[in-house]
């Protein structure tokens, strides 16, 4: 069934495969009047782009986003914003070694089980390239958040157990992995500052539940902590509860073990998340697997693949977070009758 | 906005506060023809019920579920199933010490920020009592899963860092916590066996994304691992990838680091999750906080509160997982044209 | 699949059969702070209630609505409002003449085709009694509309081709129908005054599309006109277009052929609809039909049935209209970035 | 808020304005394995295309649809199908006479009231050109229906009160209208044959409610009859009820006043609808109106405009009907537990 849309009021629908004509996203429900050009989106695409450096592949993806609708005279009109990227670097290559094989750690087998066949070129719909459409849409959401003083940022903090801020150690580690034809997991931390208190709905649409769905919808994510996360399971109430204080005439949490969300509702404190990515499943060394005819075999994944997901995925985490917050901001506007009456006065 | 519903095809809507007349849930989209009585639901309610033992409060909650609609001659009719629980043990008590105060670790401040006021009796809508409605609905979902050979089970494995299977150590630890007027975090593990390959949708409605939303919608959850979870961030591709093998003429994963889901689609391997709960925020020792008038103050949370969430929350995790799987099973039926044609032949 | 919910932000879910324990509705997304008591709802239930008069059955339905959740200290809290009606007048009667038979004009055959069996007591879920839950929810929506100066009203205007305002003629006509063991169709007109311009979304969620779904979801509705409706198909552009004028410093339509909606968006003019109901399908005279075993047979529908739908259905039309407008009012609040910024300032 | 999507399981999202770079639609939830090429869609586009004949404008719209994703090796993959049309005939013209004016019968004023400004070029998002995206998507839905033996067809039957099958009279009538710089309303009849019994959900998602939303979401629709429609309001139960008979070993309605739907569920009889369109609001003769600065003025709508909507809109009605039926077919597959068990066996 339909599963390529995300959000309730600020809603996106992505489309496209890694080796089709292009990819894109339709943003439906974006408020009118936001100044928007393709240049607002480009820096986000640049962060997701493979740059041929130590941590990513040498591919030259076409990440120029075109705005096809929903913007008039430089501002959003309130109608759907269609964003599109062309696939320009589709090398004509030989897929014969993987077209009938289920790559370990990949969705190949699941797709065949579900649909009866699949687009095997570069992962098709399950390719990480799909996330470029999310980044384009997220850039628009983050532009709206910025108008409200909300800042979202995410960064890779660890490659395996190596601190990513120590670039020298990280590059050496990656060079070693490449030599061993292996890959490694990674950790991304995301923070949102300036989020007003009151976002999120009490029960199933808790702000953390919406964020969790957003984050686990990113391929390769296997774990998520909100605030202290799993460490809270080892803590006591007396140390884990964040005392409230007054500061600047506002209610503030003195500490932030909760990560800015209590009972599913934002408290005004920074929203903090830690996201855990598995190692890139595509590795060059031989792996045992089976083919679609039920024969056991081995496979070597050729081609250009990042040895670690986190450095390029950080912007995807940031953008998915931005999309959740923009949606929650809109949803929260209808919570109080007195404010509705003010609005229509 | 509306946020008390969960699911797409097998959809539930819960209602009720801890100290209102009762609580309930409407299940919409449950298939017709499932044998169902109140006795099918009772064992699940019993597991969630406070039993006055070492790990829970002495309250005597009325957890008898009544089926008000949607069942005729012992079978579901395909129309909404309304399940209701009365609130019978509403002690008339004095809320004056908390009605104007924001309890640390609770949703009080967020609710006031969102709605302008709140039902302060026993947490109102944010009370853990709300989860009893989910458990009742989950029992129906799990009944359907059972007809398809799918088994879901969840259990508390750790209280703080104490192994919960060592009951003696766990009880001693809890006794000590009670003496110190404190609480502790906990860990719950959930497994689903017999899930067919192919469940989940490729992009935003990945099976793990749906599970993550379900799990993080449970109050006090702060972390989630799917399969190896956060540990995968420290692993390498060569050890984290699960090789495929043939067994019983089926494609099987030789290991299960992935937890039964690849690219958001179930593989047929067991689905495995680890859920991390924060300590119960209600503790009797004095805590610093503020009131709704902006005064700094201290609060002591009186009343009967479990010192740890996991033992009673395990069945909530199990039931939310059951709801996600039932929904995903229905959603997956429409994936292939050839099977649709077979269906209508 | 789930189909018992209506609305996007102001969302209701109804449950219950005519002869189960009761019926009810959960309102999710109702804004906080609306003064609400059971007395606000009672007058709407009274209008839907059979009154034993010329136009309706002598049944004494229990139409007292109880508020089970979502209201605290006399005001809505923003959390789900559960409303319930008991079924008290369930005469123990003999359904043997209809339990295996497909009543003409009824949903019996469709339900069996869909679900494999059905609750045959009094129509089960397809009973008009289900609409009492909608009326209860609609009364809450209309209370919110009233706070914004919006008035919705609906009335039956015709019974067959007899003007319903001429009560004497109408009563004589109905008496004659009863004597002939027959029923007749009817017409209801609904108007909403004070609706602000700008409600409705441009494409699929046009205000008229949302209204049409609401109205055709009422059993026995077979036709709908918005504004001039079908008559517009015979008109010319020069006479059908409503010229704009200025009045009271506002843009106003000089005429209202459009019924207050252009391009799916409200214009500020009165919203006008005409709703066409088929005759009550339950008639006492013998009708040809078949049973579920494939035998041709005849059936005589016994029991108490209104000979015409419109007089009691008018309030259902009014309430469904109120629900659509409340939902559209909330949805419209997120249309403009400048107003969102104002809201969060 | 988001309002450019339609459908639940077979779901489409359209985007684009009449004078932007192009228009398109994303189909999400289309089952895998349907043979699909651009040639399957072209005939539907051709029927919607202005052909320069008596009944339509001389514009030469670019109605070639490109498939950008979701099809691999000639078959749908189950992932989103992105369809796009370029806007190639965007004459650079002068909008100065309408950019600040509210055209009578158009959405201009409503858009300004809602969004604060609008894309005034050719109607922007409210242009009838948006329906070309629906037609493209509907062609895919109808292809699926065809695989199940379901046929949908719609045709314009009347232009004003002139029978459209009498082409000579119709052409003369239109010529006269053009001479008088006027337009006229029209009537379209739509029929679906071969629809299985059981489609539609009992309460709010009745099949007729879903159809009504679909039809009223088409611009210029002001009235809808299902089956006998408004005429049923004048009929009696004894003549309006369709007796059931056995034929070909199936339950059949002997007559079809109901139009194939009872209680919101399809009966297996032909689904019949009559759709009433208002006259084209764009007429060349001077009309009174106001501008956005509050000045009363007159406007003459220049440019190429069809004098009647129905002839080209018939295929839009057909395609929206196809989309509703495809969605309802998928939704109905989850109604019965026994069939779900069969499916997963």
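Think of it as A, B, C and D in the order they're written, each chain with its own count starting at 1.
The working rule: a contact is a pair of C-beta atoms (placed from the backbone, for glycine too) under 8 Å apart; a residue touches a chain by one contact, two chains touch by 3 or more.
If you're wondering where the values come from, they're calculated on a predicted model, not measured in any experiment.
Looking at A-D and B-D side by side, the one with more C-beta contacts is A-D.
Mean C-alpha positions place chain A and chain B at a centre distance of 25 Å. Chain centres here are Cα means. That of chain B falls 43 Å from that of chain D.
Spacing of chain A relative to chain D, judged by their CA centroids, is 36 angstrom.
Across the assembly, chain B contributes residues 1-5, 8-10, 14, 29, 32-33, 78-79, 114-116, 125, 196, 202, 330-331, 334-336, 338 that each touch 2 or more other chains. Under the stated contact rule, the graph of chain-to-chain touches is complete, every pair of chains being in contact. Within the complex formed with chain A, the chain C residues making contact are 9-10, 29, 31-34, 76, 78-79, 144, 147-148, 196, 202, 329-331, 333-341, 343-344. Taken together, the chain A residues at the contact with chain B in this complex read 1-6, 8-9, 14, 102, 104-107, 109-111, 113-116, 125-126, 130, 158, 160-161, 177, 182-187, 196-206, 208-217, 219, 221-238, 240-246, 249, 251, 254, 257-259, 262-268, 276-283, 285, 287-290, 294-296, 331-332, 334-336, 338. Taken together, the chain C residues at the contact with chain B in this complex read 1-5, 7-11, 13-17, 20-24, 26, 28-29, 32-33, 66, 68-70, 72-73, 75, 77-82, 114-119, 124-125, 330.
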